[in-house]
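For reference, chains read A, B, C and D in written order, and residue numbers begin at 1 within each chain.
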Amino acid sequence: MQGVPLFAYIALALFMFTVGTVGVIIRRNPIVIFMCVELMLNAVNLTFLAFARYMPAMALQHNAAQRAQSQMAGQMMVIFVMAVAAAEVAVGLGIIMAIYRLRENIDIDELNLLKG
Amino acid sequence: MQGTYLGLLFLIVIAAIVCGAMVTLSWLLGPKKKTPYKEAPYECGVTPVGDARERFPIKFYLVAILFILFDIEVVFLWSWMTAFKKADTNFMVFSFFELLGYMATWVVGYVYALHVGAIDWDETTSLAPEKLGKKHNADEQKENVA
Amino acid sequence: MFDFSPPLIDWMTIAPLIAVALTGLIALMVEVMMPKRTNGGIIGVSLVGLAVAGGLLINNLSMPNSETFSGMALRDHFGTLLQLLLVVTCGLSILFSEGYLREKRIPFGEFYPLLLWSTMGAMIMCMTRNLLMLFLGVEVLSISLYVLAGMSRSEERSEESAMKYFLLGAFASAFLLFGISFVYGATGTLQLASISEAWTSGGISSQALLLFGFGLIMVGLSFKSGFVPFHQWTPDVYQGAPTNVTAFMAVGSKVAAIAAVWRVFEGFQIMSDYWIPIMSWVAILTMSVGNLIALLQKDVKRILGYSSIAHAGYILVAILAHYKNPQAVGFNTVFYYLLSYALMTLGSFAVISLTAHSGREGTMLSDLNGMWKRAPFAAASLIVFMASLVGIPPTSGFVGKFLIFSDALQAGLTPLAMVLAVNSIISVYYYVGIAHATVVAEEKRPGKSGRPTFGLNSTCLLCTVGVFGAAIFYSPLMNFLQGR
Amino acid sequence: MLPEQITPGLLVFAAMGGIAALAALGVILFPNAVRSALCLVLNFFVLAGLYFTLGAELLGITQIVVYTGAIMVLFLFVIMLLNLAAPQQLNEKGDIKKPLGVVMGLGMLALILAQLQVAIGKDFGPRSEANFGTPEVVGRTLFTLYAFPLEIVGILLVVGIVGSILLAKRKI
């Protein structure tokens, strides 16, 4: 958008990514951890789109065809990330359902069968 | 480009204002007489039984999971159709066959989902009855009906 | 401006991939159409499809390098050989799976298509220098493996390992993606090949972005290949997942991750002054931590999990030796070691899968007792695999370690070579422990152990032959690798 | 780093970005899983707005349809189904992980931000074409240059279908 620096978008994305990372480390509920991962993925998407819009590496694209491809590459990445995230959610929630069917509690710290 | 979405933005803003106003105004203007009877949750005029936070079976969550996957397929189809309208023949032929290949994969997935009864309301069928030494799906369903 | 035209397609490059993917779809349809008591039909279809893919790959070996789909898929010697290795791995895992799945009471036909598709994901990681394709490959591989790890639905261990694998895998993917986004910002493309230009002519802004991009991508890939300090999930997941899945996970996903690391290093070669020291420390830690913690374990699958971490460290040494001195050291060592690692690890897990019996499975060291009597051939081959993992001649494990050692010395990475030698000696203890457990006579629970099936015996036979063959026919193999 | 003048665009960004950041914090700070999920919905919705400001129309709409409309609904479904909102599930103990995680996160944030500020702090001008995010252009690209990944995503979605059925089916 007019007057907004690229850095503002990247900073916001970075903040969201960091919050997601911290959330994965400090939370214990697998569903919340998974939501934090989704937050991280969305931060990544925002970064891609900001770079695609502002094209800081425009000088490296030497002709019109390369520039066109460069603009689209970021968006393509985002659309594929969304598709992959959908598949990941389907499988991940399936796993959470399956584990909950076996036991009532799904606190991540209670997952302690696998030990040396 | 962004101007075309201005109407949508106004719609969202107006909807938010109307909703907010309705809730806030009724809360501000309405009379507030608190009695224990009024505070109790409304359950068809009967005294509520049990906690509201109860596990409840959602039979269709597998349907919901599958919905997401087919939802994302549609996003791809939508962008294809908008591009297809004004395209040259070369693109039309190429993308048509590409789309056929793409659809073929998820038709396989859909046939599989239908076969194992993943989107049935009552999941009575089992994934691998024969291999586990159970009876065939159809027999089992008949038993359940009877 | 955006009227791109359809790309030119070189079908032979992607034919093996299509063969594997189609085989998966056909196998799923076989499951739907023909509900039988056994999975014989699905196995037959899968093996035929893999054979076709293997044939196509061997055909591709003699063809010139090429790129198709605007650089997303490429055919070169390195990628084709690793794809061949993956196809063989998948075939060997399928061979011994059926008996195990029946003993575990989880004979789902869906196992085979999922395994084929995860092989497809691994193959994609080997055949691309495009970061989008790399990401998709990682995800196809991992998502299939999350499902397979949790396939044993009635077993808490299996579900727990699936959950851990899933959460950490998704977390790692996010880091990988964030790194890719920085690389995209610096170069404006998703091609690894464009990095060197951005580094030299992009100025300070590109360099900062590339450094962060590389760091984040390596965090993501280290999770996938099990480098320290991102290794903690490995033993847990290996222990909990069904053993045949563990076998494929230990080999297929490691081969693919190493291939991806190789390609990423290749792209970032211009900044190798920055990352070779850091990655050397990672290699040292990976080797040492893997071996030292393995000493304390009592569960065979956990021991092999830590051992796979250590082996990832050895392979990292070989990779670093190449990038330290690209003229003197080629990729042969990496491929040879991956080949021998694949055979011995897959074989070991195949033998360990014999401990499953009528829905139960014990994978402690003591559960292997008495195997010498019940399944002499499997037990003998397990001892061979252990000898190879230790690195005793005339097995391929010895040749592989020797190659890495000499490469490291040649490239001037003497400290790494020393650490490797010390670690090889440490590792003798726990490998001998496993070998010893098989020959102890008295059984913990007599009669509570599965019988080897024909498929399992053939897996063991093929792996044993491979382990010896790769060592004995070393020079013809090397000539073949160099394309002579 | 700071722009010379305050434009309307900057104000819109500040509002949206602020909401997104607060919602992100809400996801990890609310002890109740349902509230976390609702914060995430808000975050995703605002992000869709930000995608529009970046000119990526198709992706903004996809964000709402897929993330806010489908994925988050499924999350809420599962939370309801497993009854994770119940207070007894939420005895989050304070342990070493928490401060460590926060410190690590803040360190990473500060480090990268400082570097990036030097690197791209002076970049103000969007350089891409105005119509680069319309469905038409995205569709054209997706079905020409990105044909190969598209087919692979087809397979990936089948993996998702088979996998979720194998894992989540009530009866096996």
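Observations, loosely collected:
Here is the rule we use: a contact is a pair of C-beta atoms (placed from the backbone, for glycine too) under 8 Å apart; a residue touches a chain by one contact, two chains touch by 3 or more.
In this text, all values refer to a predicted model and were calculated from it rather than measured experimentally.
In terms of the distance between Cα centroids, chain C is separated most widely from B.
Inter-chain contacts peak for the pair A-D, counting C-beta pairs in contact.
Look at where the CA atoms of chain A average out and do the same for chain B: the two points lie 22 Å apart.
Chain D has its Cα centroid 20 Å from the Cα centroid of chain B. Between chain B and chain C, the centres computed from C-alpha atoms are 37 Å apart. Annotation: 31 Å between the Cα-based centres of chain C and chain D. For chain C, the set of residues touching two or more other chains reads 1-6, 25, 28, 70, 108, 110, 132, 136, 139, 143, 146-147, 150, 153, 162, 185, 205-206, 209. Contacts with at least two other chains are made by residues 10, 20, 34, 52, 55-56, 58, 68-69, 72, 76, 79-80, 82-84, 86-91, 93-98, 101 of chain A.
Residue numbers of chain D whose C-beta contacts span two or more other chains: 53, 55, 58, 62, 66, 70-71, 74, 78, 81-82, 112, 116, 120, 129, 131-132, 137-138, 140-142, 144-147, 149, 153, 155-164, 166-168, 170, 172. Viewed as a network of touching protein chains, the structure reduces to a complete graph with every chain in contact with every other. For chain D in complex with chain A, the touching residues are 1, 3, 5-10, 12-13, 17, 20-21, 24-25, 27-28, 33, 36-37, 40, 43-44, 47, 50-51, 53-56, 58-59, 62-63, 66-67, 70-71, 74-75, 78-79, 81-82, 84, 89-90, 92, 97-98, 100-102, 104-106, 108-109, 112-113, 116-117, 120-129, 132-133, 137-138, 141-142, 145-146, 149, 153, 156-157, 159-161, 163-164, 166-168, 170. Those residues of chain A that touch chain D in the complex are listed here as 1-12, 14-16, 18-23, 25-29, 31-32, 34-36, 38-39, 42, 45-46, 49-50, 52-56, 58, 68-69, 71-72, 75-76, 78-80, 82-91, 93-98, 100-101, 105-107.
Residues of chain A touching chain C in their complex: 10, 17, 20, 24, 30, 33-34, 37, 40-41, 43-44, 47-48, 51-52, 55-61, 64, 66, 68-70, 72-74, 76-77, 80-81, 84, 87-88, 91-92, 94-96, 98-99, 101-103, 108, 111, 113-114, 116. Within the complex formed with chain D, the chain C residues making contact are 1-7, 14, 21, 24-25, 28, 69-70, 72-73, 108, 110, 113-114, 117, 120, 124, 132-133, 136, 139-140, 143-144, 146-147, 150-151, 153, 162, 185, 204-206, 208-209, 212. Every residue of chain C that touches chain A in the complex is listed here, in rising order: 1-2, 4, 70, 132, 135-136, 139, 143, 146-147, 150, 153-154, 156-157, 159-164, 166-167, 170-171, 173-174, 177-178, 180-182, 184-190, 194, 197-198, 201-202, 205-206, 209, 235-237, 239-240, 293, 296-299, 302.
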